[in-house]
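Following this line, the structures themselves.
Paired with subunit B in one complex and with subunit C in the other, subunit A is shared by the two complexes that follow.
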Partner chain A sequence: MSLSQLLSSLRRNKFMALLLAIEVAFACAVVTNALFLLQNKLAPMLLSDGVAADEVVLVNGLINFGGFPKTQIDGASRALQQIPGVRAVSVGGLPYDGKFQFRSRLRPEQDDGDAIEGSFYLHHNLVQALGLEVVEGRDFLPEERIDLPFGKIGGDEMSGRSALITRGLADRLFGEGQGLGRSVRTGAGESGSAMKVVGILADFIRPEPTDAAVAQYTMILPLRLIDVPILGFALRIDPAQRDAVIQAVPAALEAQLQSQAGFDLEVQPFDEVRDAYFQTSRALVWLLLTVAGVVVAITATGIAGLTGFWVQQRQRQIGIRRALGARRRDILRLFQAENLVIVLVGSCCGLALAWGINLLLMQRYELPRLPWVYLPLGAAVLFVLGQLAILLPAIRATRVPPATATRNA
Partner chain B sequence: MIRMSYSLQLAWLGIRRNPAIAGLIVLTLALGVGATMTALALFLLLSSDPLPDRSGQVYAVQIDSREAPAPTEDSTSPEPPDLIGMSDGLRLLDARRAQRQALMVNALFSIRSGQASKDGEIGLMATADLFPMFGVRFLYGGPWTAADEQARARVVVISAELNQTLFDGRNSVGETVEVNGETFRVAGISARWNPRPHFFLLSSFVYGDEGEQIFVPVQTANELGFSPVGQINCNGRSALNMQSPDPDRCRWLAYWVELESAAAVQSYRDYLLADSREQQALGRFERAPNVKLSTVNEWLEAHKVVPDDVRLGVWIAFSLFAVCLANAAGLLSAKFLRRSSEIGIRRALGATRRSVFVQYLAEAGLLGLLGSVCALPLVALGLWVIRQQPVAYAFMAEIDPWLFLELLVLAVLVTAVVGGLPAWRACRVAPAIQVKSL
Partner chain C sequence: MWGYFAGLSWRSLRRTPALTALMVLTIALGIGASMTSFAVFRAASGDPIPWKSHQLFVPLIDLWGPEHHDDDKEPPDALSYTDATALMRAHAAKRQSALYPVGFSLIPADASRSPFTVQGHAVYSEFFPMVDVGFRYGGSWGETGDEQHLAQVVISSALNEKLFGGENSVGREIDLDGTRFRIVGVLEAWNPQPLFYDIANGNHFGSTDDLFVPFNWAIDHRMQTRGNNNCATDSDPGWDGYLRSSCVWISMLVELPAVADAEAYRRFLDGYHSEQQAAGRFDWAPNNRLHNLPEWLAHEHVVPDESRVSMLIAFGFLIVCLFNVIGLLLAKFMRRAPEIGVRRALGASRGRIVQQFVIESGVIGLVGGLLGLGFTALGLAGVGLIFDPDIADLARLDSELVLATVLLAVIATVLAGLFPTLRAAQVRPAWQLKAN
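Right, the complex of A and B next:
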């Protein structure tokens, strides 16, 4: 069957074709954007955070606006270390906790290229406490681990220190496979501090991994903060004794840290902290999945309903085709081809619409640009949807007997 | 009138003739309307004006008392800090250059009267203009006076709820209560007051289900060493000490003023600039004068009070609605045009195009109404799901009957308009061809 034949039949049913194309366009725009948002929310959840999750317990909620002195921090760390089943302890800011984190512009030393934003953790023993994997170089040496008073962050105290950075950050700053032994500089121009990379970590996420593309731009410095208003502890434990450790932590801390107000202490396995962090994201993922599902279902019934009506209208025409020698397969092909043309036209408009919606959303919210691969993807979804939706009415059309041509209706 | 009811009757017959398609249309519309109503209701609840009558003339005051930018600072932020220090606040307050002005910060209080007591109550340390400026109404008594503030008098205003706990709800003006161990006299009992969002101190909380229960003059509280709660920022190496913050170098208080005219706003801004210049000359301010006055709405907008996810939800819901409407229009067309021969006969028997159009429009509107009503349980379900979420505003996701009614009318109108296209197509059916093919 030729294309001009197909188009003329569509032209004679302009109204139906137009309605179908509009349905397809809206569905395409919505599904494309929903899938893109879905991927955006889902990506950080699927990222490897680099932590030996089942061996880690996190302690949060220790706040003292006057600052925790060194003696108290030492005492608390020692008390936690002595709980049976605890293998390593580290104190400082923790993953999946945005309350207390440090961010900075980072760039390679002796290079004025663009700086990228990264986060750093200030910890003595985080590699051991979280079970991070050092793929190149080494963990910090005892003499590199020093204490830093809270007020001196960002000052000269940080210059010349050792640093551990992730593979992702090293590759981005220094190029593929490079990085070990090089220096990272914070801040702009000649100010800021330079730190030497002594080890590369396989994976390790930033405290608030909201954007998957930059979630691995993480650095650890061997500095422990003292006189600091917020404390967090990471504990590496024997998984068999996890419940016992969680039970023992509050008593161990209370004996060491005096507080007038009492703490809102949270002692949780790593997985629970992670789950709680992603709870709103998960809700949004379900919402988007539901929306995409509803759009697909509604559009499918819409296309099926309209096509069914169309088949009924064209019984006689189909009968004539059959009488003139068209096989059942040809009738099926006819409807499939018609739907293909309509979906093609509708998708083109829909993709333009999708692009427009994305531009609008980009202006208002911190959303990246829609990658072009989503456009053929959205069209492909609608193509499959359209072909499936017309299958039933089209098969009904093939059953129209050729004798219909001789009847009056 | 008779024709209208005849149209409705025909419409109802039309719907009953093909209940499967009618059900599908109703379901499609209900989904779209339900999603839109849920998202819109939440958005409207969260973005409602906390000071409905006066939000246009109440302004947040920002002045830049930060230290000179450090050499390591990447970019100097043009935005002055949200909060100000005690010294700056008291100086602006004593100048009395606005119609009304108030300094405020949240704190937690322990209150006792005889046997009754309450611990950890959220309250405000504030100044007297706060009450008229923010529309706090009184059941008994009234605010304290400026003279009380000057004299560091020990007076409080307590909420009706707290009055219920402490004094069984009787008029307790003039009685004494113990606040954080100090004896205070009750000056007034405030009616329930809980602006949502908590616009004047967003750093304390954004959406609260209780509101402040006790108000203490900030000067008195400061002298007695009551500790504030909330956010604090300090210049230089000053400790972030919330128990007794440094009045000169730390910022932890909000400052709001009421200005009645554009001229008053301009002259107040000039005053603030002059004040900042003076402080700079005295060596207290290290940065160039940088002041800002924002109305309540500008303030809420700048602080992104309505979460992005909620705004995004409105977009998602509206696009879903568009998809549903397009499909409902498609199904309506199929449903109407299936009856082309019927239309042909009616037209041949003398029905005008207009009456055919009205009949099918009535059918579309009826289906729209059914769909919108069926959306009600979906909205209830949607808001219930939102209440289960771990977000601060979850408790606010309740159905407001008036809002629902407004949205219902809107939804029926929209579906009737969308139904107009198939109805128009139906009334254009040529009678001759249809009658011939019978």
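Right, the complex of A and C next:
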């Protein structure tokens, strides 16, 4: 069957073809963008956070606007350390907690190029407490670990300190495999502080990993904040004694931190904190999956419904074709080819539309660019969908007896 | 005649239950998704003070210079202590207040009750008339309170309820972090959403202030901000060093009733910049901003991006659904060509045929809309899983939304049915009769 034959039959049913093409176009645009958003939400959930999750318990919700003095922080850390089953304790901001975090623009010392944004944790003992893996260099030495009053963050106090950074951040700042022994500078111009990289971590996630591409731009400094309004504790524990440790934490802390106000203390295994953090993303992923699924299903019923109607309208034409020698297989091919042309035209428009929507989203709502692989993927989905949807009506068309041609219509 | 057509539609729809159900379900899904996302968007994008939002402005000063700009060349979204107090002294607007969030532990006089955390803002006395909040008892501490740095406090009606059972507590004292504060005023119930006067600190929804204390008192007593603090350079040691630094942590709200006032204030800001430039503080051209409240809410992305994006997706979904309905209606109507032929031959005009099919699509839309209402209610019940629960609480299915949902469904379906209807009306009676 020639292409011109095919096109002339479509031209005779212009409106039907147009209708299907438009539906396919919108479906394509919606599905492509929904899948892309879904991937964006899913990516941070799939990242390795670098934490030995089943050995870690996090303590959150300690707030005192007047600031916790050093004596209280020391006392609380000691009390936690003495709970049976606790192997290491570190105090400071925690992963998956956006309430108390530090971000800065980072760049290599010998470079005035573009800075990238990264997060830093201020902790004495985070590597031990979270079970992070140091792949190059070393953890902090005892003499490097100092206390910093809350008001002095960003000050000269930070200059010249040691730092641990992730492999991802080291590669981005200094190039593949480099980084150990080099210096990272915060801030811009001459004003920032420079810190020396003494160790490289395999993976470690930022406090609020929303964008997978930059979620590993993490740094740890050996500074413990005192006179600080919010405390968080990371505890490395013996997994067998986890429940006992969680039970013992509130009493241990209450004895040490005499606050005038009561606390909303949260003592949770690491996995639970992580699950709670991603709850919204997970719900959104399910929602987007559902939307994509329903759009696909509705488009399929639309294509099937219209093709069925079309077959009915063209009974006589099919009969004539059959009478003139077309085999059943040829009739099936005819409908498959027609659908192919329609879906092709529709998804081309749809991909342009998807691209346009993505551009709009990018400009106005800080969304990344749609990677081009999504475009053929979206088209492929609709192609398969179209072919499946017409199968039933098309097979019905092949059953039209040649004798129909001789009937009045 | 309309009733007769409605009856005809009902019978026709019942003849093809599967097809009808498919159309109704399609419309209901599209409408449900769209209206759910619209309800969330409407909740998040509400103007918290519509009668005055265009007269309230947030001034920003580019005190860090181009070296610290992101790509968008925007100045930082808060002020340093130096600039905030300079703008307060200049008093160039009708009303103005520098403000920042503070928190205290409140120790109840009744020793048997345990202390609890309260939060609020440190503001100037002009703040209250500026944001148009009324007092149930008493009033603000006035200019004398500002100038004399007094330990006075204005409390919310909720806190008054909690502490004093709602009675007039003006003149009584409360203990905040060990300081005795005299209550000078109790606000009326007031819960602006979003919390428009302190957008830069990011707690847009769900948080309410328990109390307000004089700005100068808070500074004297070295109250640190409960919100964001951003520093571009190091500050000198101590509280005085912090106040002199270029760290930004103070928000500012000014009231400029007329357009000319806003222009004048813009010139004033540029003048202030030039003064500072002359004094050697800035060495770059003025790059100040004066956003009115709606602009400021947009600039700070108060409506979450997820909300806009989900609305875009949901309406795209509705369009797919409607095109689907066009196809299904076309199939349904054209299958009835013989019936149309008979009716035309018996004297029905084209207009009558159009009327009949418009009503038939309207009936489908109505049923779809009612079912869609159910889906919207279901969607709103689950919306807290995806959006900030504080925003989700604001999204409600009120009478306005119910009406909009059903209307949208009917209008969209009738529009979708228009082409199939016109096609049906063009059926030539003679041809159909012959074919039968």
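Going forward, the second predicted complex is superposed on the first by the 406 of 409 C-alpha atoms of A that agree within 3 Å, B and C clash if a C-alpha of one lies under 4 Å from a C-alpha of the other, contacts with A are read in each partner's own complex, and residues count from 1 in each chain.
What we mean here is this: a residue touches a chain if its C-beta (ideal position, glycine included) is under 8 Å from a C-beta of that chain, and two chains touch if they have at least 3 such contacts.
For clarity, every value in this text was computed on a predicted model and none was experimentally measured.
Engineer: Sticking to the clash and touch definitions up top, decide whether subunit B and subunit C on subunit A clash or fit.
Structural biologist: Verdict on subunit A: clash between subunit B and subunit C.
Engineer: Kindly classify A:A276 by the partners it touches after superposition: subunit B alone (first), subunit C alone (second), both, or neither?
Structural biologist: First partner only, subunit B.
Engineer: Could you say whether A:A27 touches subunit B, subunit C, both of them, or neither, answering first, second, both or neither?
Structural biologist: both
Engineer: Regarding the shared-chain residue A:I73, is it in contact with subunit B (first), subunit C (second), both, or neither?
Structural biologist: neither
Engineer: In the overlaid three-chain picture, which partner chain does A:I246 touch, first (subunit B) or second (subunit C), both, or neither?
Structural biologist: Once the two structures are laid over each other on A, A:I246 reaches no partner at all.
Engineer: Let me test your reading of the model: by the given contact rule, A:V197 touches which partner, first (subunit B), second (subunit C), both or neither?
Structural biologist: After superposition on chain A, A:V197 lies in contact with neither partner.
Engineer: List the residues of subunit A that touch subunit B in one complex and subunit C in the other.
Structural biologist: 15-16, 19-20, 22-23, 26-27, 29-30, 33-34, 37, 65-67, 151, 154, 187-188, 191, 229, 279-280, 283-284, 287-288, 291, 294-295, 298-299, 301-302, 305-306, 308-309, 312-313, 357, 361, 364-366, 408-409
Engineer: Under the definition above, what is the set of subunit B residues touching subunit A in their complex?
Structural biologist: 21, 24, 28, 31, 35, 70-72, 74, 232, 237, 239-243, 308-309, 311-313, 315-316, 319-320, 322-324, 326-327, 329-331, 333-334, 337-338, 389-391, 425, 437
Engineer: Spell out the residues on subunit C that touch subunit A in their complex, using ranges where they run on.
Structural biologist: Per the stated touch rule, the residues are 19, 22, 26, 29, 33, 67-68, 102-107, 114-117, 177, 224, 226, 231-235, 237, 239, 242, 301, 305-306, 308-309, 312-314, 316-317, 319-321, 323-324, 326-328, 330-331, 334-335, 382, 385-387, 419, 423, 435.
Engineer: Where on subunit A is subunit B touching in the complex?
Structural biologist: Per the stated touch rule, the residues are 15-16, 19-20, 22-23, 26-27, 29-30, 33-34, 37, 65-67, 105, 151, 154, 186-188, 191-192, 227, 229, 276, 279-280, 283-284, 287-288, 291, 294-295, 298-299, 301-303, 305-306, 308-309, 312-313, 357, 361, 364-366, 408-409.
Engineer: Using the touch definition up top, name the residues of subunit A that touch subunit C in the complex.
Structural biologist: Subunit A reaches subunit C through residues 15-16, 19-20, 22-23, 26-27, 29-30, 33-34, 37, 63-67, 150-156, 187-189, 191, 193, 229, 259-262, 279-280, 283-284, 287-288, 291, 294-295, 298-299, 301-302, 305-306, 308-309, 312-313, 357, 360-361, 364-367, 408-409.
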